[in-house]
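Got some structures for you, see below.
One chain, subunit A, appears in both complexes that follow, with subunit B as partner in the first and subunit C in the second.
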Partner chain A sequence: MLLIDLCIQGLIQGAIYALIALGLTLVYGLLRILHVAHAALFTLGGYVGVVVTNGSGSFLLALLTAMLIVGCVGMASYRVIYKPLLMRPPLIALIASIGVFIASEELFRLVFGAYGLSYTNPPLKGQVEILPGISLSHARILVVVLAVGLLSGMGWLAVHTRIGIAARATVVDPAMAASSGVNVETIRYASFFIGSAFAGAAGVMVSLLNNLVEPTMGAVPSYKALAIIVLGGLGSVRGALVASLALGVIEAFGTIYVGHILDRDSIAFAFLIMILMVRPQGLLARG
Partner chain B sequence: MAYEIVVLTNMAISILFALSLNVITGFCGQVSLGHAAFLGIGAYTSAILSKAGVPLVVTFIPAMGMAALVGLVVGVASLRVRHDFLAITTMGVVFLFTGIVRKQDILGGEIGIAGIPAPEFGRIGLLVTALLCVLAYLLFVIRIRKSWAGFAFDSIAEDEDTARLLGIHVPRFKLFAFLVGTAGAGLAGALYAHQIRFIGPDSFGFVESISVLAMVIIGGIGSIWGVILSAALLSALPQFFQIIDDFKLLVYGLLLFGAMRFAPDGIDGLLKRLFRRAGGTR
Partner chain C sequence: MPDAVPFHFMYAHNAPVRFVGGAQHEETEMRHYIKSALSTGMLATGVLAAGVLVAGSMVMSASADTIKIGFNVPLTGFAAADGQSALHGAELGVGQVNAAGGINGEMLELVVYDDQASPKEAAPLAVKMITQDEIVAGVSGSYSGATRAAATIFAESKVPYISAYAIHPDITRAGDYVFRTSFMGEVQGRAGAKLIGEMLGKKRVAMVTLNNDFGKSLATGFKEQAGNFGIEIVAEYEYSIKDREFGPIISKIKADKPDAIYASGYFFTAGPMVSQIRAAGLDQPVVGQEGYDSQKFIEIAGGASEGVLITTSLDRDSSAAETKDFIKGFAAKAGYPADMVAASAHTAILVLADALKKSGSGDKAALRDAVAKTDLTASTGHISFNALGEVQKDVQVQIVKNGNWHHHSVISDAVLLAPPAQ
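The block that comes next holds the complex of A and B.
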């Protein structure tokens, strides 16, 4: 029973990781930049979710507002942080991104207070028994539904729409795509919007699961998500998804079985380093 | 006067720490997001030994040795992964380090190690020792820079594949860079432990690794004098920020961003541009 329970907990955590990591891997695929400030967008999503839910009483409205606002802020982050640094070595953009992330954590603390916010009346509290003896809250089920829905929607877009095809072409060869009439800038803005909106959705869901948003809630996911996209093979969307789920499950088992010698975060990174020593290009790297 | 001595000692330790990362990231071009782990290894080794009664100066050697030993292992890993993969692997190293320390009772666990004996030669003595360490390491680093190894590092940082093509034994020089760099961090750690006299897992985390990388980059990657200047400035910065304590990290974050946005080649690049302009008008 414990085994199944751990698997389910791991997969739910993995679904959250996947929503966060998707934006990172999109950005990496397009710009070859490790987008640390992505985690600030995740935190922002959590705050918008709590504030709008408490204000309007509608969780759905909060989720949609969070995705919209965070998506727009994501596009702004491309314009302000990365666009001026594209010609520089990637390390420069990485440090700039870390700077913005540190500053935004402080900004959240100054605006919303150091102790965090919670839902006055947490929605989706009910429990459902999905297997005999294992029940999940509605919120956890929504996490899975949302992750599957958003990610498969994105997958459909990438295969069946002009902009999706153009985006994939830009990842493979930006110059060639541009000369075939793809507006590379549009693709970049669109990718930042989608990736950030997904991170915003993940932020709302995590704030609901913990019933708390605090200024530092982005820190751990941001490092984990970096590990995930590296693990999956940088820039590979499918690899990031596989790595997210794998990491979620491994953490769930790891905290039970090796928790006395390693804490949760170091389990993730121990796994990362082990895999990289065997496959330095990540699990599912593109050729 | 005691306060100034503390500030100066911190400054010297930061300079040593930044110089040591400069060997790995600046000279040899290997990005490390986990350099604080080696500061930690040095600090823990030195703290435990000195609590057991070993004189401070003697603990320097095992502190450097332990850090360099682990550094060598990470160096071997760096032969396997490159660029962004290496950056994230080294980031993993610092999380592994703090994760392991947190769970070991011998290392003080979450609480850390308190009551590290004061250095036998007092505060001023510690400052002098720190300055001597910085000077020795600085001379060593300048010597490397001017030697054949410095040239090999440059070529590896510029283009690893071409360096290999030129017949440079890339793995050997990478390992050498990690050895020298992490040993320096271990030495800085030993000094740090006896300066603060309390160490815990939170003193050697990812944020500290980023701060030291920021010192190197703001100084100008690979520039010895730029890095010394920026390490001195950035380590003294929190003292000036006392008045705006509430906004300290906000200012620090924006400063990092601003430096990258407007002066990506660091203090070194700024000064060079300034001199070139001055030279041009002559």
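The block that comes next holds the complex of A and C.
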């Protein structure tokens, strides 16, 4: 029973990782840039979620607003940070991204205060017994529903719509895609919007599970999401999903059984190193 | 483009949008960036330097006849919330001393620096406070890492230094000039064992330990005394300060079925932890420590915080005038209720002010001796120091009731709570 419970806890954490890592792997696939500032968008989602919920009383409204706002800020980050640097070595864009990420932490602190924000009346607190002896809060169930819904929705878009097919073509060969009439810029903006909106949704859900949004909430995702996309195979969407779920479960078991030797991050990176020794290209090379 | 993406972690050479020239071109391009980066850096440094000069001269102009106390505190970075509270507490103390006529007619002045809770910031700031600002003594409103780094410099320079709430054992061991007005982790851990084993009568305990110096030293003290109070530790789990998600640990505790949970942490880890513990249906008593001691803990954990017990320094329901004044003054100044770090910083300032009054002169050795002989009632109770400079005072047990911290009990067992003397 404990083993099943730990698996479930791990998959919930993995679902959150997946929502965050998706945007990162999309951006890497399109631009070959490691978008560290993505984690700042995750934090922004958390803040929008708390502020809108506390202001309006509607969590659904907060979730949608957060996804919309964070998606737009994601597009703006492409326009303002990355687009002017596309002709530069990727290292320059990476440094800019890290700079924006660090600055954003202090900006959140200045705007929202150092203590962080909490829900005055946290929604979705009810419990459901999913298996005998294992009950989950509505919030945790929503994390899974949201991750499955959003990610399969995106999968459907990628396979069945013109923009999805164009996006995949752009990842494989931007020059050829452009010469076949694909508007590469549109694809980039759309990818930033979707990836950022998903990170925003993850931010809202994490803020609800912890009932706390802090300026430094993005610190762990900023590097763990990088580990996940490396683990999955850089640029591979499917790989990132598999890696997210695997990492969530490995961490859940690791925290209990080797937690006194390695903390959660060390477990994640030990797992990453072990996998890369066997499969240097990552779990799934390209999805 | 090839189908498989080569693996380059930080620097992807094959960016499809970039390669326009050969190696030569790339090199000149690189140089160009380095140059512009350097000039931007220099410009930024210049601006910063100008800012520091302006700030510095402001301090100078205001400080003709004042006694300066250095105060390093994290005002940015991850510890900024505690830093802000500590600063309010210290400023309140300085304000109270000055309003009551200062130190034999001279006013106190707080020289404040942001150390970001980082040793590499705190060390140079300590040097600056001692050599340039010419402070008579220093107070740390910061965490252990930064405080240890600064304490060494204060001790070597023979300038008195008080750690307000940093708990690492090595801080006071830096030298004779370093004191601490808060409990060491071990001492509070022992008090926790007495609280659970004797006062609550719970014998099977699961420990959740924060794996930094704070949590580890609490766990050491708790385990040292657990046997004496008949406690059986059924399991101990560790987590890092970055963790906010405790699902797996809580699932395992559920299976362990303990009578009580002894969990170390700060309000920003303990808040999510306690709310997740209760959300998972566990109803055992949760016992924490001074790291929980903030109204923000109650705000984060919400209804789940009801009944949580902590060992700490500040008694919200104290009838002592010093504590009542502090609690009232703090809420008026800061706009939110007082917490442990604020009370500790406030106490440290009052200890220094008291010693300054008694030592009279500007002599730092005399001031150090006066601090060592402290016998003062402050906002966190009656303060005196042992030979190592560790505080000797009672442990307050507080409980959350109706959304506020309240008095539960006091542990005043001098033998159990004796800090190490060397």
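One rule holds for everything that comes next: the second predicted complex is superposed on the first by the 286 of 287 C-alpha atoms of A that agree within 3 Å, B and C clash if a C-alpha of one lies under 4 Å from a C-alpha of the other, contacts with A are read in each partner's own complex, and residues count from 1 in each chain.
Methods note: contacts are C-beta pairs under 8 Å (C-beta built on N, C-alpha and C of every residue); 3 or more make two chains touch, one makes a residue touch a chain.
Just so we're clear, the structure is a prediction, and the values are computed from it rather than from any experiment.
Novice: Touching A:34 in the superposition: subunit B (first), subunit C (second), both, neither?
Specialist: Both partners.
Novice: Classify the contacts of A:81 with the two partner chains as first (subunit B alone), second (subunit C alone), both, or neither.
Specialist: In the superposition, A:81 touches subunit B alone.
Novice: Once the structures are superposed on A, label A:277 by its partner contacts, choosing first (subunit B), second (subunit C), both or neither.
Specialist: first
Novice: Would you check which partner chain A:253 touches, where first means subunit B only, second means subunit C only, and both and neither mean what they say?
Specialist: In the superposition, A:253 touches subunit C alone.
Novice: For the three-chain arrangement built by superposition, which of subunit B and subunit C touches the greater number of subunit A residues?
Specialist: Counting contacted residues of subunit A, the larger count belongs to C.
Novice: A:98 contacts which: subunit B (first), subunit C (second), both, neither?
Specialist: first
Novice: Can you list the residues of subunit A that touch subunit B in one structure and subunit C in the other?
Specialist: 32, 34, 88, 90-92, 94, 106, 226, 230, 234, 260, 263, 265, 280-282
Novice: Under the stated contact criterion, what part of subunit B meets subunit A in this complex?
Specialist: Checking each residue of subunit B against subunit A gives 31, 77, 80-85, 87-89, 91-93, 95-96, 98-100, 102-103, 206-207, 210, 213-214, 217, 221, 246-250, 252-261, 264.
Novice: State the interface residues of subunit A toward subunit B in the complex, per the touch definition above.
Specialist: Per the stated touch rule, the residues are 28, 32, 34, 81, 84-85, 88, 90-96, 98-107, 110, 223, 226-227, 230, 234, 260-263, 265-270, 272-273, 276-277, 280-282.
Novice: Where on subunit A does subunit C make contact in their complex?
Specialist: Going by the criterion above, the answer is residues 1-2, 5-6, 9-10, 12-13, 29, 31-34, 86-92, 94, 106, 109, 113-116, 118, 122, 125, 127, 135, 137, 140, 172-175, 206, 209-212, 214-217, 219-220, 226, 230, 233-236, 251-253, 255-256, 259-260, 263-265, 280-282, 285-286.
Novice: Inside the complex, what are the residues of subunit C that reach subunit A?
Specialist: 1, 3-5, 7, 9-12, 14-18, 20, 26, 29-30, 33, 76-78, 80-81, 83-84, 211, 236-240, 242-245, 247-249, 251-252, 254-255, 268, 271-272, 275-276, 279-281, 296, 299-302
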